[in-house]
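Per-chain residue numbering starts at 1, and chain names A, B and C are given in the order in which the chains are listed.
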Amino acid sequence: MPELPLWLVWVIKAAVIYGALLSVAGLMSLAERKVSAWMQYRIGPNRVGPFGLLQPLADGVKFMFKEELVPAGANPFLFRIAPALAALPAMLAVAVIPFAGEIELFGQRTTLSVTDLPISSLYVLAVGGLGIYGIILGGWSSNSKYSLLGSLRASAQMVSYELSLILSILAVVALSGSLDLRVIADAQQADAALWNIARAPLAFLLFVVCMFAETNRHPFDFAESEPELVGGFHTEYSAMRFALFFLGEYCAMTVMSCLATVLFLAGGAIPFWPDAPWWAELASFLVKMSAFLFLYLWVRWTLPRFRFDQLMRLGWKVLLPLALFNLFATAALMAAGVL
Amino acid sequence: MSSVQTFDYAPGALPAAQGSTSEGPTSELPDDPLHGELLRLSMGPQHPATHGVLRVVVELDGETIQSCEPMVGFLHRGKEKSCESLGWAKFFPHTDRLDYVQPLMNNVGYALALETLAGIAVPERGQVVRVLLMEVSRIAAHLIYLGTTAIDLGAVSMFFATFKERENIYSILDAYTGHRMNNTYVRIGGVYCDVDENVERALSEWLGRFPACIDEYEKFLTGNRIWYDRNRGVGVITREQALAWSLSGPNLRGSGMDWDLRKRSPYSGYESYEFEIPVGTVGDAYDRYLVRIEEMRQSVKIAQQALARLAATRGAEVLAEDRRYVLPPKAKVHSSMEELIFQFKVVTDLCLPRGEAYHAIESSKGELGFYVASDGTSKPLRCHIRAPGLQNVQAIPLVAQGRLFSDMVAIIGSLDFVMGEVDR
Amino acid sequence: MYFDYFTVLVFASVGLAFVFANLLIASVLRPQRTQDEGLETYECGEVTIGEAWIQFDIRYYTVALVYVVFAVEIAFLFPWAIVLKEAYAGTGAGAGAGIGIFALIEGVIFLAVLALGLAYVWAKGDLDWVLTYSAQPYQPAGRESSNLPLVQELEKEQERLAEERKKAAAAAASSEAAA
């Protein structure tokens, strides 16, 4: 293998991880249709490629060739920029996810993540939280009432659930004593009894609920809620810009699933195999992540949707007190030496 | 005020037909600088939750509906006038298109009105077949309610679960009538053809299996906390309101009034069937849901009794022997000159006696009534259809005003109307 | 360490390039034959009534405001959470006897203040999304009274039928008893 300069390795790594992320997002769009089809006595897409596997590609090509409409009443600049604002943060957040341990790549010893920041969990929250700008600007700039309502709901919902999300992550941070996702994952290594899902089950529950709300997914998909708001914030969007919103949603789901895997399921760790090679770790990581992604689909195609005030009540009056209590309980149990 | 209402949608002007105080609800808001402006929104006609082409103009204060007004007429096809110009028998296919989720029920309703006018007695087997068809149609219509309401509230898979069973009903009806949807199989004096034994077997097999499906739907929804929260207390109609707004069917029964025309003024021999009328207590969307679920079970019971009677009366006539109004059997038409002439007369120049008649049946949406007036010619003097859906649409503002915008879809879904019969 | 952030910058620029390349390619490929109808704002197939850019409800701002307060306070919890483990163990930055319990008590006080804030907002009713279900009760034009004679008649009819049913049931019971 030729030895390449470090910066080129970075670019290659970035490109590979983007490729992986976009593939996962694309496959998610297919899985969404396939899984829903299985749950609904249907077959799902099966025309493009074997088992419809090339369907995401065909969709992408279709989005490219679609005519794009910018409503006459819209704010053109914000309308055009919003989808990129929605898609980018979700994609950027994946930079710090530790997929597996160190590998040897083109003569450079490097970890299988874009970068390892000492404050990576904070980074995910910070960058992921920017995604709301795309949604709120997209909804507002459309100058459509449905879009406006959708974006208002989305913003109120995302900020409401972000608090509980942060508090549930804080409990994990306290347990591991670090903000670095790799350290958090390593601290739970090998022994499944040390996994945070066992040590902080309430935090895990809170995180999973907030993860649905943060990504605007069913049963919290008020931003879209098609029977009421006819698509919500992206009612007016078409073609590639609509695709970017879609991409952003699926990337956000992927990132959240990765985050849940790292925080609560020890990342790529495999029980009873402490020194697993990097490919085994990567495979185990992907399996765990897929489980969360499947949960997204399972819930979406099973449950009815909340009403908006019920969502706010759940977020502020149930989850937030629970999250505060959880943090207190974690600290107290740590002091007692139980955790 | 002129008789023609003009709809002026300049900000601050709602049509007076909206019904609230003359200055409109806009001025009723507290003069609070922190209060947002009203968002005036047109929900429909091209909207996924309005079940067809209903338009509801909504004024939102934040998420609360300050006023709303349903507007109908987008699907107006002049059905009543069609009846008056087409003639008695030729209107049957048009009744299919009224409430198109239960075409056979509409057929029977219209046939009963004509039979009342002409004084024709339907043979017993014909009545049993009609009851069977009506109850199966009722199940099919309630399945539509269940599926579409669930999809509006976000439970998308329910829609497919209900449509799977509806598909089975379609297949069986297809085997019997030759059509999946717009069957047109009821004639004056009975039904067109007797039920095939294969159809009977398929139906009884399906009816035996279907209660388990209802259990499955209930497992999905009845105990589901989100479903409960979305429906309980939403769209409450008291018994008095329901009566004053002339609601009927499951909407009236959901409000606690045990009013069912199958019991109150039986037709087609309903008095001889054993079944119960489910009644709600609160009168909200959840009660209406429960009532419809239970009605499906009762319909299965009735249909099974009808199937047993079919087995007992095998070989009997399904069409009345009245050559003035009723088509002669096809086999005889091909072999007998007189019957051919009767057939010709009935098809081309069917005249019903002078007079008027109104007959209502308990359709899946409520009291479906047909009023026909005849001057003795081959065309009705007047035909009026009392469609329950129109009353159901009227009740939307009654229960939606002051609720959240999200409740709108639950309310529209639970009131259950089909725009085909509302606009006629 | 700053190299780590430089990687993020590289990553971000690749992402930016990807997004805008997509938009650029699409803008070259896609057809442009828009007619005026296509540019109208969606309102269920009707002509749009009024504006969407209105002064909307204050409650959205309230939520945002409460969020900001809480988010800022929670940000202060991050350093506490990181050192908590070390403080209990008495190692690293938290070296020193009894500092663990001190950290716990401090954290609990902070959490209690947060909870108090939540309780305050809760009691003030700012967490209630629907303040009141307030709107004019719907009154159709030309119908002042809901006290329609029909309703009373029907109620009487109901009572009569209930009586009848009771009588019939009693008669059936007595005949059964006689048999």
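Note that a residue touches a chain if its C-beta (ideal position, glycine included) is under 8 Å from a C-beta of that chain, and two chains touch if they have at least 3 such contacts.
Keep in mind the model is a prediction, meaning the values are calculated, not measured.
K.L.:
Which chain has its C-alpha centroid farthest away from the centroid of chain B?
P.N.:
So the farthest one, by centre of C-alpha atoms, is A.
K.L.:
Which one chain sits nearest the middle, judging by mean Cα positions?
P.N.:
Answer for the innermost chain: C.
K.L.:
Which pair, A-B or A-C, has more C-beta contacts?
P.N.:
A-C
K.L.:
Would you mind pulling out the distance in Å between where the CA atoms of chain B average out and where those of chain C do?
P.N.:
36
K.L.:
How big is the gap, in whole Å, between where the Cα atoms of chain A centre and where those of chain B centre?
P.N.:
Each chain's C-alpha centroid was found; their separation is 45 Å.
K.L.:
Between chain A and chain C, tell me the centre distance in angstrom, where each centre is the average of that chain's C-alpha atoms.
P.N.:
So the centroids are 20 Å from each other.
K.L.:
In chain C, what residues contact two or more other chains?
P.N.:
Residues 43-44, 48, 52, 56, 60, 129-130 of chain C each touch two or more of the other chains.
K.L.:
Would you pick out the residues of chain B that each touch at least 2 other chains?
P.N.:
39, 41, 47, 63, 404
K.L.:
Mark out which residues of chain A touch at least two other chains, giving numbers and ranges.
P.N.:
145-146, 148, 230, 308-309, in rising order.
K.L.:
Enumerate the contact residues on chain B facing chain A in the complex.
P.N.:
39, 41, 47-49, 60, 63, 150-157, 159-161, 164, 220-221, 224, 226-227, 229-230, 404-409
K.L.:
How about chain A: which of its residues touch chain C in the complex?
P.N.:
Residues of chain A touching chain C: 7, 10-11, 14-15, 17-18, 63-74, 84, 87-88, 91-92, 95-96, 114-118, 122-123, 140, 142-148, 152, 155-156, 159-160, 162-163, 166-167, 170-171, 173-179, 230, 235-236, 239-241, 243-244, 308-309, 312-313, 316-317, 320-321, 324, 327-328, 331-332, 334-335.
K.L.:
Where on chain C is chain B touching in the complex?
P.N.:
43-50, 52, 54-60, 129-130, 133-141, 146, 148, 150-151, 154, 158
K.L.:
For chain C, which residues are in contact with chain A within the complex?
P.N.:
1, 4-5, 7-8, 10-12, 14-16, 18-20, 22-23, 25-27, 29-34, 36, 38-44, 48, 51-53, 56, 60, 63-64, 67, 70-71, 74, 77-78, 81-86, 88, 100-101, 104, 107-108, 111, 114-115, 118, 122, 127-130
K.L.:
In the complex formed with chain B, which residues of chain A make contact?
P.N.:
Touch residues, chain A against chain B: 36, 39-42, 145-146, 148-149, 218-219, 221, 225-228, 230, 301-310.
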